[in-house]
Amino acid sequence: MPSPTMTLSISCPDQRGLVAKLAQFVYRYNGNIIHADHHTDAVAGIFLSRLEWELDGFGIPREQIGATFINYAQREKLFASWQGVRWQLRASDVPYRLAIWVSRQEHCLWDLILRQRAGDLPAEIPLILSNHEQMRPIAEQFGIDFHYIPVTPDTKPMAEAKQLQLLNDYKIDLVILAKYMQVLSPQFLEQFSQVINIHHSFLPAFAGANPYHRAHERGVKIIGATAHYATADLDEGPIIEQAVVPVSHRDTVADLIRKGKDLERIVLARAVRLHLQNRVLVYGNRTAVFT
Amino acid sequence: MPSPTMTLSISCPDQRGLVAKLAQFVYRYNGNIIHADHHTDAVAGIFLSRLEWELDGFGIPREQIGATFINYAQREKLFASWQGVRWQLRASDVPYRLAIWVSRQEHCLWDLILRQRAGDLPAEIPLILSNHEQMRPIAEQFGIDFHYIPVTPDTKPMAEAKQLQLLNDYKIDLVILAKYMQVLSPQFLEQFSQVINIHHSFLPAFAGANPYHRAHERGVKIIGATAHYATADLDEGPIIEQAVVPVSHRDTVADLIRKGKDLERIVLARAVRLHLQNRVLVYGNRTAVFT
Amino acid sequence: MPSPTMTLSISCPDQRGLVAKLAQFVYRYNGNIIHADHHTDAVAGIFLSRLEWELDGFGIPREQIGATFINYAQREKLFASWQGVRWQLRASDVPYRLAIWVSRQEHCLWDLILRQRAGDLPAEIPLILSNHEQMRPIAEQFGIDFHYIPVTPDTKPMAEAKQLQLLNDYKIDLVILAKYMQVLSPQFLEQFSQVINIHHSFLPAFAGANPYHRAHERGVKIIGATAHYATADLDEGPIIEQAVVPVSHRDTVADLIRKGKDLERIVLARAVRLHLQNRVLVYGNRTAVFT
Amino acid sequence: MPSPTMTLSISCPDQRGLVAKLAQFVYRYNGNIIHADHHTDAVAGIFLSRLEWELDGFGIPREQIGATFINYAQREKLFASWQGVRWQLRASDVPYRLAIWVSRQEHCLWDLILRQRAGDLPAEIPLILSNHEQMRPIAEQFGIDFHYIPVTPDTKPMAEAKQLQLLNDYKIDLVILAKYMQVLSPQFLEQFSQVINIHHSFLPAFAGANPYHRAHERGVKIIGATAHYATADLDEGPIIEQAVVPVSHRDTVADLIRKGKDLERIVLARAVRLHLQNRVLVYGNRTAVFT
């Protein structure tokens, strides 16, 4: 059993000394860094960093690490100001709580549940939410609460209010749109922004509806899938992960859909895992992924 | 030294018996089929076929094969009508004659010339054509004629007339736009349609200008390149071949361009080779590629 | 609902006219060929072919197609002799019956069952067989018979006798070793040869035990998985399908195992699907895969 | 024009504070870190780090950086001892000097020269060395000195003495075996260890001679190429980079060789580029590659 770890993720305007000062913070309190990644986007003037260290033997009680870090940052002038600084502390032994949202396709749902059960997704899945009833038996089989919230254009605001209430009740950290096939409103995303979506194309190609049909019509030789954070602009959010598979003239639309399901499962699972390990840092409409 | 072969490529409205009758044509004259590929696009109702057989021992003199095939097709009612039938006969020992068109980037030009020299592209390259002078030394080094034809919006019609004259003079079968970076007019393509272009993106993503810059801005995790037949609609022609390579937040635009050059060389060379082996059949805006 | 089809797979010593005569057999009885693939291995002198045609409107009752084909082959001198000829007829609406053999890992088992349920594997799964009890609940959940047959060096002959009896009782066409982790004896394979195995390496690298550990130790930058027909020589059977995934110095053995599970599932499922569609022809220790 | 940078690469026994102290060294002298990568191999107890910072404005004259670092390391107790510490300082504006060794195949030689000319390999190529005369014209065309040193079992020691003398005379940093097809003796490698080789298989599969023939015989569905540091054990050195390409039953040995050439060029070029950017750290028989 490895020691639990703390991960500090940070993005801020670049300035000299950040790598040294961040590492110094951990070292001063006797932390043993096991992963350290940094990236500077010279064009944007942004510094991004992810530090992971063992909690065993670390000189600050875990509930005080945040406050201590803020003090340290102010004292050491880590940032010119806190404007534009985004940071997060996350302990590895506090599992993320996921809500999986589905519609009528089950392959991504099965995949995520089975990975979680196998210990490959360090998280809990207390909640499945759908605009259809079909997936209820799968949820029940694994003892996961299932909530059916139908959505029509008229009821959408009320549905989203219910959804937000459930996310709050279940203390959800991350929503996974596992082929949910519905757009979330800007209002929803303002209140809950941690949402990963899987799009069944190699974005930005074939954004929007029916990507496999359009890929077939265009005669492409490769299809793809894209996991990204949901934003108010459909299929325009920061991309986390993409993968592709070759296709040929022999593949019908049904073949593309079938081949695509493997891509969707793998790309979504990789993106979720990266998020759960706090390896994805968003800046602008982009991500740095510290693999 | 393998025996020279004849390849019959055909696309036509589907009907029963085509595989049998086409193969029978070869067998009746004692031809030894070494490759036979067929595909039916059930949705479009199109039959596509590629038959390759050894010329040694074949019972029809090669200059009469076309006429004999037409007679056979009529007698055996191979087609309901010749409407919609496209067919081609091509002997493997009559090399294609290529014209490579370039602008100011040299990587695809070097690549094609070196592959041809190494015997990996069964073709002759008598002509290089450019709207700049920079590539002339490369052409001269390999004893290839180089023609400089500058193109401005005003002179484009005259330039295209010169280009067409050269294609005719040099008996060119296939034009390769090896980073030529200029659009051909519909009038040009009506008179010479055998043109392969390389686009430096994973089409249909980032069609048009500056794909690497736009890929970088969008934050994609994979970039690609696409070889396609040129059509009057920019970047909309039938796709022959695509390939991709992973990128990350660490890659600058310059890195994408550098990584993309490897893709462009390989994708273009593969597409050209497939065309030279008569493995690419166009139907509608799509291709069947018999690999 | 597409029409059911008949598929004729054949491998035989090469001679002229085979493509024509095989297609002629289908056409003579008014069959509509929808796929036709041929390959000649010039070095081995072997001809391989796969013809698929619609049964609707075909002029031979399906139970007589085999006998009619034999007559036709003899009359038309399709083969110099029947020595070295291997052929098979298979209708698409007679599903294969699969037995999945497992040990203590469940990911491939789940994967195959879920694909079959989703309609992506055209087959029935009446039987799961294991040398451990752990997977019984999964079998029961889907109403699949589960047989527990422990195997020790001493009891192996008796265990294999039981296994063969079960394959016979359940009319099994194809055994899938879905991480069964046991070698089958030559005696077993003589009596039942249709066995697909998944090996968790990019064969022939790391044949044998603990491939992920050895891959980690060797410091490779890519790992793979291989689906092959089981033979008496461990990990030496004809390869059907392979796939790979990049790894880095950051990946521990546990990471390789986790990444490998995705490969194993996909490669095994692809190989099984190809087999079920009669697209895999074995000759010598190799396969031709008509995709 | 970006500022020149200094890169410090280091591998040493792991202990607390290394990230902080190394970064502190750069920061104390006002260095602006633009890349920082660290990796701890917990099993081996090894810490690996690569720090790159801008030389403009750095507070130590470049010729004193090494001595200052040693002082700093001693004062700050960076290492328990210098036992097991390997470190290197390298400025980005002092180009590596490469010797390319070839035999009778030219594709990798062309590729490396053209990349260097295009500015994609930050290095100089003053020397080409071969056991055959064929490549001399290519060397001369680009104004590169070419030395012909034939090698027979009898003359090998003398040949290696000459080779070492040339490496010394030309102040070579890195030897690239670009299809040199000869093994270097342990004595040679003791005196000059910076040697990258390209092997035309997916190691450890098909180590040794004729990998493409053996891959064809085994019927694999994917072939690969591997760039690694040369060691006295043939094809057993630390792997830097690998890549693969799918093949099928239609591919002859000649096709594998042709497809493999693209792999070899790309894999070798990537490995060389990574080495030139000091991104490859060797430890044990493995590499950490900080991409």
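Letters A, B, C and D name the chains as they come in the text, with residue numbers starting at 1 for each one.
Methods note: a contact is a pair of C-beta atoms (placed from the backbone, for glycine too) under 8 Å apart; a residue touches a chain by one contact, two chains touch by 3 or more.
Quantities reported herein were computed from a predicted structural model and do not represent experimental measurements.
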Touching chain C and also chain D, the following chains: A, B
Angle of the C-alpha superposing rotation, chain A to chain C, to the nearest 5 degrees: 180
Selected pair, greater C-beta contact count between B-D and A-D: A-D
Remotest chain, chain C as reference, centres from CA atoms: D
Whole-Å gap separating chain B and chain D, where each centre is the average of the chain's CA atoms: 37
Set of chain D residues in contact with two or more other chains: 39, 248, 250
Of all residues in chain B, those that touch chain C in their complex: 16-21, 23-24, 26-28, 30-40, 42
In the complex with chain C, residue positions of chain A that touch it: 106-107, 110, 114, 118, 120, 141, 248, 250, 258, 261-262, 266, 291
Chain A-touching residues of chain B, taken from the complex the two chains share: 39, 41, 43, 48, 202-206, 218-222, 224, 238-244, 248-250, 252, 284-289
